[in-house]
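What follows is a pair of complexes built around chain A, which joins chain B in one and chain C in the other.
And then the complex of A and B:
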């Protein structure tokens, strides 16, 4: 139908070499590529298939306590991971709510991040968990905090020829994810929120991370919201009201055909509250 | 086992689908599965403008690539309406195979055919079209304004030329009784406006065709169709070929919802491409193209109802405004039907319908699940609740008291097709449904608080079963079939009647099986086409079982007469002294002398003896018209839950009460009711189609990713979907059966809106009621 070349890259060196060409377009699960081809957003490209890079299809608990997830790990694998369910419920819940079972079987975490959709469901949990990316190109590897990765709609800090190899973070059992879409499955998010929390023995919020999807050009951290809560007593209704107001400074939603900006603003407040309470409920157990 | 229990009864049994194995194994051949040697692939170039003169189309480069190209210059410019269900004198005609002027974004402008899809795609890019862009109109108000850009100067009604003024396509006014006197007699008059936007059929199979020119100068056609004969007749006119030279094959259809009631736009294009190329051409619409093909009729209703203190109506009036898009497919019968659904809901006394349908530079609208019925039902059934709330009446009791029922007149297809209601499940469904749903314990919205608020709503509706009436009217309605007993006692059923996937053909096989007492597995459903079948108007208007089934029953009874006559000759018995009883083990119907069962012969033996003696084949063929249009009724009791923080509406529990007369297959009736509930939930809460007000492009660009329909996850839990059927028998129906399909959707919308009102006290008069709309309404109250 359209005009595409195709290269199968069986290993990392061949993938990086193929990727160095200016018209290269990386395909892992293909769940973004196919949609973009269908919508006419991409054409005249060389599709580089990296599904053979199986060494990046795994979830590992490292000796330093951090969890590393290879870029080619399918979302369904995240949704079936007892490790994530226990140690990173925010990411686990995002995986469970991601599109539908068929898409989850194919879509990868690396693709979900590198596509840089403001609505990427795995981005807010990973932002809230302060994740770091492992990137590679022909010229070597580097690490980049996820916060610095998203630059705009479909725009990332990847330089030409560079790809995501893995994402890494310190687990936090007291984390949560919430999604509001136009229906329960196969829906692009209207708003998503993820929270990660740590409390001291007195129930004071020592550290609080909050991130949103679909309320700005990129998935984003809500620093004003975080500040409103840090150092306060957990679940204080007054504080939560302040949190709901503060996040309005963090977000910058637009009107589109899925929802109006006003609705998104109000829902960001609703989800912020539910996210912090949901994350904190784990604390009591 | 008593004699009663040994009697073979297949009607009412849940039987496995005859086409099930082929469908689940992927062996069923749909239009897009047809592959022919030497076949070319067709593609359509669509207008990037909502309104534009086509100055020129340069096909040279595409042709240099080897493509066959089709433009306005190549086609026979016969002006037609692709929907032929109405009689010609009641049919406006305004379109040609390809247009000289683009009248909506996405309208087919030219087409190419090439040896592969890739080549066809490349050829399409090489077509050079010069447009003169014209100003466009996207709302009826804009379109009707003086000085507005005109889509047409002149169209045709039957054989008469008609001038179009202010883009008004059709005006249809209907009045019965002294309406002004009725309103004067009212204690209270209620007036509200309701608005329903456009939605998309979203049938599984997109529209398509494969056309093959044959060596004898004929054309064979495989296409998505609700009537193969309608396709043949239009192609005959457009191509200037005798009907005997056009053969349209009957294929399974992957869902329709009305989307192929007319000849699909791509079918004549494909036929013209094939004839020009002299080779078979396949032309299948993408999903995005299908969005630009046809949509559901939107409507705005201004409703005025007068009521008297004792709980009855005194008069009713509906003003209806329809934005039907760039072609008529066709709003004249649409508005007639809307008037009929409106009139047939209640005993209002005098009534008036004032309908105006307007051309706009948008996708043409066609029939979709109910042909205006869900639209007007939403308005009237919302009004009934508004009135009852204001007047302090119980809305179930009001409905019981005022609905049209047995002995009343029902308008089955506009004002010219009417019959008297002979069976009616309304009282049973409202009374028993009310008990099941604890209607009397329903609490008003004023007593509800908290984040999640639940409400209960009821609405009732119906659809016609077919479009037959005692008198012929604006609509054609009859079916034809042939039934043939083979020499081993098996039976062939030959008919053009279409099955859209709902199991209509299973019902036909059951009717034959029951009548001739031949086991289901011995009934063969013949592959057919327009050459070997009589005319069948169309499977539409919920007529499959009631009208198509009646034709099958009529013809089967004729065959039975012949069979018993031959059996009588063999057994030396009068045919009237014989009866047939199915022997399932034997796999045969057995003919017995009544009360003397020692004397018997199998159907197969009779047919074989008839052959050996050269008496002839035991077969019969004829056409048959139903002379009634009985309503199949539905009642919906629904519970909704509104999240007042997000505006989301969910449905924890649903009672779907259907009146289809005799149930032919319980599983398929449940499927219709549950499936349509899902569709209604989409129509009410999720779906809308909007256009960019500058370009006329769909805001979702025809992509399903931005057209959300409810999935299984949005449905109530399976155990909370209660399906009931009323105990009714339709005297004019085959074995007492009526339809159900479109009725199953009619009252979903109003029941949901009424339930939402009961939850949060807000009346929504415009669909869809999205979370954002709900939240904005809640905030408006807060402020």
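And then the complex of A and C:
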């Protein structure tokens, strides 16, 4: 027997108050919540509708140069953003490949992150962009680097009563995202990869961030892969080979109905190569 | 709110005050109130047969919370077919192109196609395929559905050859 209550939270204080109750369950776009309700994965909860918090439904270029995206921003808005297309192509490409156009109209970036699926498509680009989350509870706000947010499948660093308000990052035009799925739409990814790059005038990689989805219990940063490339000449075939070997230390894929672990390992290497080359091509190499 | 409670919304241009429960999907809510053109296919967001316009945006009603639609406006394919010129054109084009076999996916397809064209979608076959990529059809193989949308896009003069 399904047993739910419903609260509409028209503003942030009422949302945080509702969320302070132990049975609260946030609903934004509803694309995860309704599936979990029907599957019986959640019950005896108070559904807290936060769609009225319209101040968190926007993409802003801040005075300090950082881009802030409110948690309630629909994926379709990211996929229609010229700002992101130019300044954060990794996130833009992930939004354009997210589920399908109708689902993108409902699904929100905050929901995609807080649901903490290892296959969350917006997570690898935001990890590669070194994003930071703005979190809030009744006791105040705090910031948390995104790489400290994902703790396991469906598990996050959110404490009870806390919600994601926004995600923030420094733009990087030299970033890219690649997704391998079984079909082009409505596909849960087999492997995703995102890269963000900065090169100096001599073509040496000054900074390199690489992140993967669907090759471990959480979306993850590939620190070994990053180390193999930082300080080397961009697109050196030997370095790319070392990168492909190094990322094997970063990932921990499993066999599931979409793909075997071995195939995921192989493809993580392939996507790492394509992601770095695609991110760097923008530099005019 | 717990148990059954009422929500106010506009459906197909009519004001409505109708009962729902906290966890009910917009799909079940609409079908319980006799909007049978909103089809229940997979009921987990994959097939698109339950698509409706919510405040002008195409969404899958099975993964939309009915209670959260309080104060909002919903249009289904049937309501749009009575009042909206673009929908009338799409419906006629689907019939003429033979884009309907069993018809189960059609209402959702029309919603997805209308949304695409209203957003400035062009007469471009690959873009049309992308636009209906969240809508499954098990009969037609999609060719005639794409034909129908392509024809309307051309007629609208929104681009193409």
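Everything below uses one rule, namely that the second predicted complex is superposed on the first by the 283 of 285 C-alpha atoms of A that agree within 3 Å, B and C clash if a C-alpha of one lies under 4 Å from a C-alpha of the other, contacts with A are read in each partner's own complex, and residues count from 1 in each chain.
In this text, a contact is a pair of C-beta atoms (placed from the backbone, for glycine too) under 8 Å apart; a residue touches a chain by one contact, two chains touch by 3 or more.
Nothing here was measured: the structure is a model prediction, and the numbers come from that model.
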Original post:
Of the partners chain B and chain C, which touch A:2 in the superposed model: first, second, both, neither?
Top reply: both
Original post:
Counting only touches as set out at the top, which of chain B and chain C does A:261 meet: first, second, both, neither?
Top reply: neither
**OP:** Check whether A:59 is in contact with chain B, with chain C, with both or with neither, and answer first, second, both or neither.
**Re:** neither
Original post:
If you stack the two complexes on chain A, which partner ends up touching A:182: first (chain B), second (chain C), both, or neither?
Top reply: first
**OP:** Classify the contacts of A:270 with the two partner chains as first (chain B alone), second (chain C alone), both, or neither.
**Re:** first
**OP:** Determine, under the contact definition given at the top, whether A:35 touches first (chain B), second (chain C), both, or neither.
**Re:** both
Original post:
Which of the two, chain B or chain C, is in touch with more residues of chain A?
Top reply: C
**OP:** Return first, second, both or neither, reflecting whether A:144 touches chain B, chain C, both chains, or no partner chain.
**Re:** neither
Original post:
Just which bits of chain A does chain B share with chain C as contact spots?
Top reply: 2, 35, 38-39, 184-186
Original post:
Can you name the residues of chain A that touch chain B in the complex?
Top reply: 1-2, 35, 38-39, 180, 182-188, 257-260, 263, 266-267, 270
**OP:** Provide the residue numbers of chain A that touch chain C in the complex, in ascending order.
**Re:** 2, 4-8, 27, 29-31, 33-35, 37-39, 46-47, 49, 51, 76, 99-103, 105-106, 184-186
Original post:
Can you list the chain B residues touching chain A in their complex?
Top reply: 117-118, 121, 645-647, 686, 690, 699-701, 703, 705-706, 708, 710-711, 713-714, 770-772, 775-776
Original post:
Mind pulling up the chain C residues that touch chain A in the complex?
Top reply: 1-2, 5, 21-23, 25, 43-46, 48, 51, 57-60, 62-65, 67-68, 70, 112, 115-116, 130-131, 133-135
